[in-house]
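Here the structure comes first, spelled out in structure tokens, and everything after it is commentary.
The chains carry the letters A, B, C, D, E and F, assigned in the order they are written, with residues numbered from 1 in each.
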Amino acid sequence: MPLIIKDEYPETLFREDGKRLDGRDNNELRPIKMEVGIIKNADGSAYLEWGNNKIFAAVYGPREVHPHHLAKPDKGILRVFYRMATFSVFDRKRPAPGRREKEISMIVADCLEPVLFLELYPGTSFEVFIEVMDADGGTRCASITVAALALADAGIPMKSLVSAIAVGKIDGKKVIDLSGIEDKAGEADLPIAITWYNEEISLLQFDGDMDLNEMNEFLDLAKEFLKSIHNIQLDTLKSKYIKLQEKTSKNKKDEDKKGDK
Amino acid sequence: MMDVKRIISKIEKDYIISNLRKEERIDNRGLWEYREFRIKSDIISSAEGSADVSLGDTRIITGLKYEVGEPFPDLPNEGVCTVMAELLPIASPLFERGPPDEQSIELARVVDRGIRHADCVQTKKLCIKENEAVYILFVDMYVINYDGNLIDAGGVSALTTLISAHIPEGIMGDNGLEWTGKYLTGEIIVNELPLVLTYGKIDDIIFLDPSLPEELVCDGKISISATEDKITSIQKSGAATFSIDEIKMLGNKTLEIGSKLRKKLNLLQYLSKIE
Amino acid sequence: MPLIIKDEYPETLFREDGKRLDGRDNNELRPIKMEVGIIKNADGSAYLEWGNNKIFAAVYGPREVHPHHLAKPDKGILRVFYRMATFSVFDRKRPAPGRREKEISMIVADCLEPVLFLELYPGTSFEVFIEVMDADGGTRCASITVAALALADAGIPMKSLVSAIAVGKIDGKKVIDLSGIEDKAGEADLPIAITWYNEEISLLQFDGDMDLNEMNEFLDLAKEFLKSIHNIQLDTLKSKYIKLQEKTSKNKKDEDKKGDK
Amino acid sequence: MMDVKRIISKIEKDYIISNLRKEERIDNRGLWEYREFRIKSDIISSAEGSADVSLGDTRIITGLKYEVGEPFPDLPNEGVCTVMAELLPIASPLFERGPPDEQSIELARVVDRGIRHADCVQTKKLCIKENEAVYILFVDMYVINYDGNLIDAGGVSALTTLISAHIPEGIMGDNGLEWTGKYLTGEIIVNELPLVLTYGKIDDIIFLDPSLPEELVCDGKISISATEDKITSIQKSGAATFSIDEIKMLGNKTLEIGSKLRKKLNLLQYLSKIE
Amino acid sequence: MPLIIKDEYPETLFREDGKRLDGRDNNELRPIKMEVGIIKNADGSAYLEWGNNKIFAAVYGPREVHPHHLAKPDKGILRVFYRMATFSVFDRKRPAPGRREKEISMIVADCLEPVLFLELYPGTSFEVFIEVMDADGGTRCASITVAALALADAGIPMKSLVSAIAVGKIDGKKVIDLSGIEDKAGEADLPIAITWYNEEISLLQFDGDMDLNEMNEFLDLAKEFLKSIHNIQLDTLKSKYIKLQEKTSKNKKDEDKKGDK
Amino acid sequence: MMDVKRIISKIEKDYIISNLRKEERIDNRGLWEYREFRIKSDIISSAEGSADVSLGDTRIITGLKYEVGEPFPDLPNEGVCTVMAELLPIASPLFERGPPDEQSIELARVVDRGIRHADCVQTKKLCIKENEAVYILFVDMYVINYDGNLIDAGGVSALTTLISAHIPEGIMGDNGLEWTGKYLTGEIIVNELPLVLTYGKIDDIIFLDPSLPEELVCDGKISISATEDKITSIQKSGAATFSIDEIKMLGNKTLEIGSKLRKKLNLLQYLSKIE
């Protein structure tokens, strides 16, 4: 039997100066970096760094459904496969996908489906593959966020983007965007996703305990910071089109120059 | 959410929805009304606790087995309680043989979380000797007939099973584990009585305890577990989305309806009489 | 490794008064209760309590065969799936079906097939699902008995019912209907099933040792008590039709009354 | 029973049956006559016992391996003997790759039971130290060519393998397991010599040792294991039914034919000469 | 946990008289025996004893591809399934096929494919099943050799046979045809296969270390003894045809005799 | 070799081959020229060593995890290093979900052998206490984008990962395993720097580092691992055959090109600075 260094929790999740252990304020996001189009073979792809989380998402589709009997005559199907690398967590994960991964896959699919027009693609499927290379709390929110970007990158018509963030309670204080250690040692963690076209909640999970007041405050707090996530997603997509435009206009100039000769 | 929407005809779907719009349901319930719960406990002689729970025509039989094993290194004085669910193929033509599918994983997970996070099972009472021996409880749910809303039926079924528990009491003597002849019962093991309430949503209509036809046509569901005054677990499933105001309203409803249901079911009547 | 309370066998299987440990005489059946139509979603179903055994059976069919390549052009196929709940036995059974369950499934199918007219249903399948919720010796006989009832409940044409019972030897004495402890601690156990249309044996298994005389006596003993099981099956089906009739006639009366008005 | 009846043509089937009605078989045997057994023993250098057994064109190679492990808690001074069977895809176009199917499970089970319940393997001789260390024997059968009646060939194959056994003798010394340099042989391990006899039934005709074409057209089979004077195992398979008188008759036949076969095969000639 | 006798390696792989532990010279093959047509149900089959290795190979095909989606419209496919019996090795092998078996299966297929005319068999498959009953070093070479024979026995058109042998280094000396213990305790082991129609290498594997000179010497050494293996293969096939011929001519004579009467 | 030849059109295939005949490649490389390697190390915070390696558009991320376990009985003072590979479905429409297929097994095996047999990983340095506790290293490769020649990219990726290693140093104290607060780094663990070079063959043309289109049309490949002066591993795959002279020539090429690549990549720059 392997002996593992014990993964002890700290006694407190706040430093003496009142900051969280990673130096953040209660309402401060971890650093976030997003990119699209990072996997050349995919129809759409995106990469996300969110704190120490490092996640790739790729979209393939619309394409033929395998196995065939899953196809639906009246609409396309969306399938999400969330997986974690063995080395993405403290104790090596077993390579085969576990129950947790299957469950998160289902949750992410439920969360993205409302923004798609699946009825336009009868008999076909969209596959979204999410690969978590490094994990540090909030991977399901990060996965939803990066998967939405990958769908957009694939040029698939969408009602809106989807953004997600976790809010929670650590050492009795409400915070946003819980890190791995905060998630494990804290009292509450609510991952929340929003579909922007109707500004409704498409993911909501919670385990812990809270009274109604707390719940209401959590929801309002999440809504505020979901907007920040959304803005980063939009900027990422814009900068892609700006790059494309520059490239196109450069090509055009080059052609114009050629034409001049 | 099971992938069986195709089996409900368009006509039936429209009928269900148009009724719901009028705040009427196909089985004549109100929007916030449960079907009837019928509960029998300690029905399995081979199990150390069991329950046979029907919610309308949905029926789940749950049994408790235990093993004695080593505790997790980071929780040296706590036992373990796991929940498993199987959607038996006897229960519906919609269920297939084979390894647990998404719906059974979801059922087990949501019921498990309701129990785990509500401080329901006193895992410290399941310790025989710190670092050495603890009870591992297996709460295994089998769906016998499926008529919608497995989660709420499963929640009551798992809870009743734990309440009806009668596990041989062991102590660590000089020659290893010895049995005292007494029993750990639900009285010792179960602390809180969390209930899970599931709401369906179609378009903008929300309703409690979806029956099978409602479940098959609805956009999605949300399950909220609560004790007398706390929300202890939330799980949204399916492609429905809920406005923030709707969720706040449902939190409220859950405490209110849950409290009434807890009184009505009076689950502590199923405590094992063994000592 | 789990430590389990040792499942010790008693020194003797008879009480001082000559009765078996559960108070029965050698030729006494355990209490038996049967019901049909208990699972609303099934095409046919039955429930059986036989001593501490509690078993559900449901029939689905005739229906399309999955996977398709199992279908036969010249006859229907019968598939039986016998499963035990994890909590139905002393030591928790692992959830996945084991070899023993597959073997009993096959044996039960072999035992029921002779009474069906499968040649009338080419290209289709009948699935019989048997779920043992509580087990205490003789589950295979009980399963055959309840599965035959479920087939009858489904209205599938049958040449006859099938009934089954175990006979055996404990502490040197011949007994019928062995309980779990008698099965494990006794010397011999013969599960026997009979197809009533030809009064022939469609299940016969034995492990232990017996000479020819003993075997012949066991067979004759079984035949006698198989009739008792058959009678309970028939009564169960009759009472179903009586109930149906009462319901129909009540409906008819109600209608008549209506008509009167 | 394998699901391959379709591959035999109607004409061939009628031919087989009409011959049987005349008490003639397609290979000219009588109804109660075996095909020829050919046996070689100790043919696998890596195994601690082995046999290569042919019954007509059915051929099975069986090998014995052992491990030393802990005994079952309820049988603290008994070793364990398990039987596995694999129907290799080299043996027939009817066999498919993949995990063991029903037919291979049946083969292993029936052979296992014949050995286990006839007091054949002396499991108490397989104990190294009570509660601590016993031998676990693996008798693994591989079907090399399939021409019907795997069970009877497998029974002889497993028995010959056990008879030919030569397992290093271990004792528990102060520093754990030590090897004495001697061997446990079949002489020590094998007590009884049970044989299993399989009969096919078509309509009301019963016959011994079905060949492949007979097996493919028959309604079902019954396998009966016996020592010199006791029936030790019975297994009916397939959709045939047998009258009680037929079974009584077959019990009789089994003792009679088994006794002759036991003499003829003289399996104790395959005892290992190693000490 | 099972306790197993420790499988210790000898200190030296040569005897005092300079012979190898099994009495062979450095350039001496182990005894080899081959037979064809040994499995009656197969389209082609062969059996090989090579030292203590005992291996069966059977060929089925050309036949329909299962599962169907593996079929190729433009050529037949060759599938090889190499398996070891549980008792073929010192420590009992687990019954399910392991990674090593899958890898060797692939390697053998790669090695045999060049000699087949798969383009003549579109939409069909050839399956080669290799069952190692007893193993003692060099099973992959032995498997290639016996599989090639089985293909020839099946009458499948082939550009040539394929032969294989291992060369290697033990206790610093170059040897051919390493035994099990030499393979494990020696320094180098190169299994090499040759397709005779072009006299090129179709299998080459190596793990260890060697400089370029050594590699070149190994290759030349292998080539020499591959011819010996080839000759045994050819003799085996010839003796089959001689037997067939004898049988035919005998039949003919018998007929002639009949004709005389 | 993946079974995807059908997806390349005949025209594309002819174009690739006719170019190769003129010693030209579709991406303008020479026959013995690599695409560009791009390497980042220690990029995964949860891993005890990692690398992100691109070879042209082929990209592999590799991470190192460890466990402490018992040594194999026959190597009581040596740790263990295992290599796993997964061809992620994000990386190509050619890759399917599911358990590792032949191509991923091949990738892991060839990379593993290059490391194992070149005396690259100092397994004796991975021993904490003889017979009791050793490190078990898991080097797990994930293919992020697939554009041919996974093996050479994987080899560099695994090697860089090991070089970047920083594993907590444990010693066996009186109360079991204790952590010293120091680290075992690549400096201690990695001895040799073996590189694996893969060549494709189409008809009689051989070329280094096949790109995806080349890989899809080639008859087969050969991968040769080498240190500065020794061949340490060879693996031929696919249906190509090589003359003995060709193999001798490739042995030569491998040492020559490998030596240059080793200098250019300068992998020791990725040693962890932790002590």
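Keep in mind that, in the parts below, a residue touches a chain if its C-beta (ideal position, glycine included) is under 8 Å from a C-beta of that chain, and two chains touch if they have at least 3 such contacts.
As the structure is a prediction and not an experimental result, all values here were calculated from the model.
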Least hop count linking chain B to chain D through chains in contact: 2
From chain E, the most remote chain by mean C-alpha position: B
Centroid-based (C-alpha) most distant chain relative to chain D: A
Whole-Å separation of chain centres (CA-atom averages), chain D against chain E: 31
Distance from chain D to chain A - Cα centre to Cα centre, in angstrom: 59
Distance between the centres, which are taken as Cα means, of chain F and chain B, whole angstrom: 49
Centroid distance [mean C-alpha coordinates] between chain E and chain A, Å: 52
Contacts with two or more other chains, residues of chain C listed in rising order: 4
Residues within chain B bordering two or more other chains: none
Chain-level touch network, classified as line, ring, star, complete or other: ring
Starting from chain B, with chain C taken as the next chain, the full ring order: B, C, D, E, F, A
Touching residues (chain side chain E, partner chain F) in the complex: 6-8, 72-74, 99, 102-103, 106-107, 110, 113-114, 190, 195, 198-212, 215-216, 219-220, 223
Residues on chain A engaged by chain F in the complex (per definition of touch): 1-5, 39-42, 45, 52, 54, 56-58, 60, 63, 66, 81, 83, 85-90, 92, 95-96, 127, 129, 131, 133-136
Residues of chain F that touch chain A when the two form their complex: 43-47, 50, 57, 61, 63-69, 84, 86, 88-93, 96-97, 99, 133, 136, 138, 140, 142, 144-147, 168, 176-177, 179
Touch list for chain F against partner chain E, complex: 1, 6, 73-74, 102, 105-106, 109, 113, 116-119, 220, 222, 227, 229-244, 247-248, 251-252, 255
